[in-house]
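Two complexes are shown next, each including chain A; its partner changes from chain B in the first to chain C in the second.
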Partner chain A sequence: MTSLNSPYLRQANSVTQVMGEVLLALLPGVIVYVYIFGIGVLIQILLATLTALVCEAGMLKIRSKPLGLYLGDLSAVVTAWLIALAFPPIGPWWLVVAGTALAIVVAKHLYGGLGQNPFNPAMAAYAAMIVSFPALMSQWPGAGQLGGAAQAALIFGGERIADAITGATPLDALRTGLHAPNAQLIELMRSQAFGAFGGRGWEWVSVGFLIGGLYLLARRIITWHVPLAFAGGLVLIAAIAHLLAPLRYPDALFELTAGAAMLGAFFILTDPVSGAATPRGKLIYAGGAAILTWIIRHFGGYPDGVAFATLLMNLCVPLIDMKTQPPVFGHKKD
Partner chain B sequence: MNTRLLDIVFNGVWKNNAGLVQLLGMCPVLAISTNVVNGASLGIATAVVMASSNATAAALRNLIPYEIRIPVFILIIAALVTIIDLALNAFLHPLYLVLGIFVPLIVTNCLVLARIEAFAAKNGVISSAVDGAAMGGGLVLVLSVLGGVRELLGTGALFNGIELVIPGAHPIHLLPHDYPGFLLAILPPGAFIVLGCLVAARNWSDARKAARVRPQPIRPAAELNA
Partner chain C sequence: MLRQLFRFHGGVKPATHKTDSTRLPIGRVPLPAELIVPLHQNVGGTPYPLVAAGESVLKGQRIGAAEDPFSSAVHAPTSGRVIAVEPCVLPHSSGLRGLCVRIEPDGAERWIETAALAWRSLDPDELRDAIRDAGIVGLGGAVFPSHRKLRSGKGGLDTLVINGAECEPFITCDDMQMREHAAQILRGATVIQQMLGARQVLVGIEDNKPEAIAAMNAALQAAALQNIEIVAVPTRYPTGGAKQLIRILTGIEVPHGKRSTQFGVQCFNTGTAWAIADFVENGRPLLSRIVTVAGNVEQPRNYEVLFGTPMSHVAELAGMQPDTDRFIMGGPMMGFRMPNFDVPVVKATNCILVGSPALFPSPRPEMPCIRCGECARACPTDLQPFEMYWHARAKNFGKAQEYHLFDCIECGCCAYVCPSSIPLVDYFRFAKSEVWAREQQKNAADSARVRFDFRNERIEREKQEKAEKLAAKTAAARAAAQSTQETAPAAEDDPKKALIAAAMARAKAQREAQAQTDAAQDKKPE
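Let's turn to the complex of A and B:
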């Protein structure tokens, strides 16, 4: 296509297109996740998407914004999918509904809507819900442990007997296992929560998200800075810790494939609204998030640290962006 | 005279509300408002201190040397707070244990000193007492609503701990018994979030009122000529 008016080099990226690509890129991870952990994931995605669209429409109406324009930009759907993927697949229905409503109404629209929110809405919702319902938010089925009907029954009411239905997530198993006296990491890693590399089942979900992330990189929806700095930072700090105390800290590959690390590196920290905008800023932002993630995982009270690390680094974004402004072309660096 | 007192009351309870407009005395507002009973009790204690300290300071305002007025004001407040503290300890001991350090801390509540400095030091005894009571009343209102919203979201019931004040009374369960409880509302972040929403609601109501009474814009001269 040619254009007679400048600019001649155009990016045809609208918000809708970018968000659509992100959803597409999430698919490989979602498919593997559903294949390994069951149909509950799909139910959660459906619930979250419906809630997000209803809340988005309601808030747009209250704020008298054009409904079609903003509802069709798919940003609410991306938030909903991230929430559904971060929440446990067998959580009760109201958990994901309340979380999504909180993300859209409080974390997004009360701060001014798309482009104005200082915090990643999905991670704000996750943090709020895990602080409020720590037990429900850490019940995950073991890989291939529960049938579809059983999962649906758990989501839509039904007695929950925690130990009978859930398997510990790898990070949980690691945390509780290491608290035992004479704990040996190597023996622990042979237990059923762990697989070929990283957590059992989790390693392949992470590979799925990695494939989607590489697609986003190839399509230039995201730049290399955030994923590389996050993964690099996590590998670096994990490798150093593993070298110094191999009995206490798992290796870098485990850290990379456990929990939400891959999802965070490619889909959560790369959020263009709440993340850093300058190239150098992105490196600092994602590197800081990696260090915080590792620290929270091993010394914090909650199993995974990606959500809290993201929120903490979101807080630093204005400062990071201000201090890393690239000099204007032709001006000296000061 | 009466309209002036009404003005003072309106100013204290709504127009310059301590919690929602001046945002003074945030420490007890945020820390103790985990339920209605705690919030209202501490609010009432503060209101009593404010009314009496305002009246005392106003009565003594011509005797207090300007240069050392702040220490004198603080001494007056501290004496009154000690009375409240001992009275609570004697008559409502369980509640006293719950409120803990926040009763003695009323001395350092900037709201109390601010009203003496801004109002009682320049006005008569009666209007100063009314001002203190109205400001305190506004604070009670904010603390009660804040505490109510937080405990309703967090536990599903209202008036938790009412038995500390009225023996034999029970909390009201408004939500079903299997309501899981949104713990975040009870935790410190909940105080900030709910207070932020209350401030926003108040500003919104003010903005609506202002929009309603805004006079019609005067048409420009050019339009009249045309």
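Let's turn to the complex of A and C:
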């Protein structure tokens, strides 16, 4: 429907612009990622983007939607980048391709396309893949461990001998390390998987995402509610656990910079389509995700909890939004 | 003294485009060849015509009279001859026709006899009737009959808000009137203040009009008026909404469906205050208003325009450009597209916004809602437009109402910010009209039922009355027969009593039926 009625003025913004800003905000994190962990993630981003665009175009065609308009909205590209950043950078090419295809075809278009998907497509893809291919989804290079050629070779079909090629992610190291008898957090923290604060190398990637997130805040693409509630919730629960059992649970800073926490706080949980929309709803939604993330990290079967936490909270969004409607003008109780 | 101001949620800051039309003073408009004066220019009932084709009229002569207390009068804007009283296209986006008085001016501008009103000594009801018959309605654009707002609620009134905010882009008619006629606006405000018994008057003006603020302050000082304050308020659309301005100045939020007088506040537009002063001081009814001509014209400017003047006549004075494709009455945020260029200027016409494809390009194609919440952040009534949109689109109007559809003031902020370019307000207008239509159908059914019950009752009643009369007659006959034998006056009372009782029962039935109809009407939403 193209309107002939007022308002005749429209702000110069568009979905394309919103998504473009998100991509721009991802760049600092991506650059640090590449600098520390190598070229692999760039290849993954490329693969995911191509797959996403092809799948998006195919689905738009099948659903007979205007191709140029919807392909240009960049929403598929954002999904692709998030998948590439959440997946291991040296996973085989088909892993990210299958994940992205799943995200676009099933999680997005089968649910009705842009704006209709109840689940975050990138996280749905991550969850599906880690359940199906737990080993492949857990192979991560250590910081500076593998050269570009070696990473490319791995992605495009090199022989994979897990231990020889990959170091454990900090969260993995923590999990397996703590299961050893007499293990103590302090010793583990001195092992090679850990850096200045948090996991080695990961702390700086997290800083990159933080910078991008602050940019999104400044540009008013996102509001403070989700990042603050998620980071705050995670810090709070981690700090309490660390205080009660310092030998078992790492400190808050570690939790905050490990895994997909920063990416989640600013880029994943802030996805408007699958997230809560009211201000209070956002606080509940992201706070709940923080608690779930921490629980899954320490008591669940998977290395990181952000994806599952996001999906679980996605399920609660309709209820949260319904119960958190802000009071209307003239009906407030001050 | 710096007054504490309050804020309302949301709002937007579009480019104001106001400077161009404030360079020149308010201009005069030569008489057009013909004036087309619609009878229905106010909220409320349509006035009925007082003149017929061929009659000559004087300037200021009443040509349409208020038909009920909710209506207002209409006058001949100049002297001349009535060519016809017939339906013409109204300045309404629907292209609807309505009864208009077409007048051919004679150019003599012969006035009716006018005299100042001794309004202070007039009975309040008489004064209100006089204001109704002077055709004064809200000139901010709402055209609500002023006489209906000129009564203080129970418990008196604390604050009279004079609305000079003028928040819509392009429109500067109030701005220019305040610059040029500040003193008269203030005099009008004091008349309103006294009629309402308001303790204080607050004149709210957006701070992007420093000249108007200065002029009003100067006039205030010159007149040495007490309890009136000119308040500069931050520029943010829609500050000029009555409820928004009341909120800013007093902190009070008047909920939908409630009158501000219940909270001790009443609000009038600056132009209305001017018109009321003109009427009580000079006896002149409302014949013209200040109209901004802006947009796709060479020289945007304000003009004093007689009602009934074709819009094109005014726009051409300002140098309408050849690529003009539409007139919008009002501003770009809430204005309405006119069905043609020649519809007349009416009391609601604060602005003729001359549009072109370049000035107002058609919006980008609508995309799906991404639930980004921009609309909710911009909504001045704290609504969740995307939820209402969702339900309106699904034709789930009940749900839309649960999300406070009828609190929506159609300000357009949500559609203005939506990155998916969704014409949200269109959906809300559509949903509202659907709800109204359904209510109307239901009301029609209800009143049909009431009518049916009423008819049954009447037949029943007539039967009863007949029986009673018969009984009374026979009783009287019997009594008469008896009284010839023995004088018994008591029997004479009986038939009378029976008649009185029957009459009372009738009245009761009538009252009940009336209550039913009233109840049915109350259900209609605003």
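Just so it is clear, the second predicted complex is superposed on the first by the 320 of 334 C-alpha atoms of A that agree within 3 Å, B and C clash if a C-alpha of one lies under 4 Å from a C-alpha of the other, contacts with A are read in each partner's own complex, and residues count from 1 in each chain.
Please note the rule applied: a contact is a pair of C-beta atoms (placed from the backbone, for glycine too) under 8 Å apart; a residue touches a chain by one contact, two chains touch by 3 or more.
If you're wondering where the values come from, they're calculated on a predicted model, not measured in any experiment.
*Asks:* Using the superposition on chain A described above, determine whether A:V106 touches chain B (first), chain C (second), both, or neither.
*Replies:* Once the two structures are laid over each other on A, A:V106 reaches chain B alone.
*Asks:* Name the contact category of A:S64: first (chain B only), second (chain C only), both, or neither.
*Replies:* neither
*Asks:* Under the stated touch criterion, name the partner, chain B or chain C, that contacts more residues in chain A.
*Replies:* The partner with more contacted residues on chain A is C.
*Asks:* On the A-aligned overlay, A:T278 touches which partner chain: chain B = first, chain C = second, or both, or neither?
*Replies:* After superposing on A, A:T278 lies in contact with chain C but is clear of chain B.
*Asks:* Intersection of chain A residues contacting chain B with those contacting chain C?
*Replies:* In the superposed arrangement, which is not itself an observed complex, chain A uses no residue for both chain B and chain C.
*Asks:* For a test of understanding, state which residues of chain A touch chain B in their complex under the given definition.
*Replies:* Residue list for chain A touching chain B: 98, 106, 110, 128, 131-133, 136.
*Asks:* Name, in rising order, each residue of chain A that touches chain C in their complex.
*Replies:* 1-11, 13-15, 17-18, 66, 69-70, 73, 75, 113-116, 223, 272-273, 275, 277-278, 321, 325-332
*Asks:* Residues of chain C touching chain A in their complex?
*Replies:* Where chain C meets chain A, its residues are 8-9, 12, 14, 93, 169, 243, 247, 253-256, 258, 328, 330, 332-337, 355, 360, 362-373, 376-377, 380-384, 386-387, 403-404, 407, 412, 415-421, 423, 425-426, 429.
*Asks:* Which residues of chain B touch chain A in the complex?
*Replies:* On the chain B side, the touching residues are 180-185, 187, 189, 193, 200.
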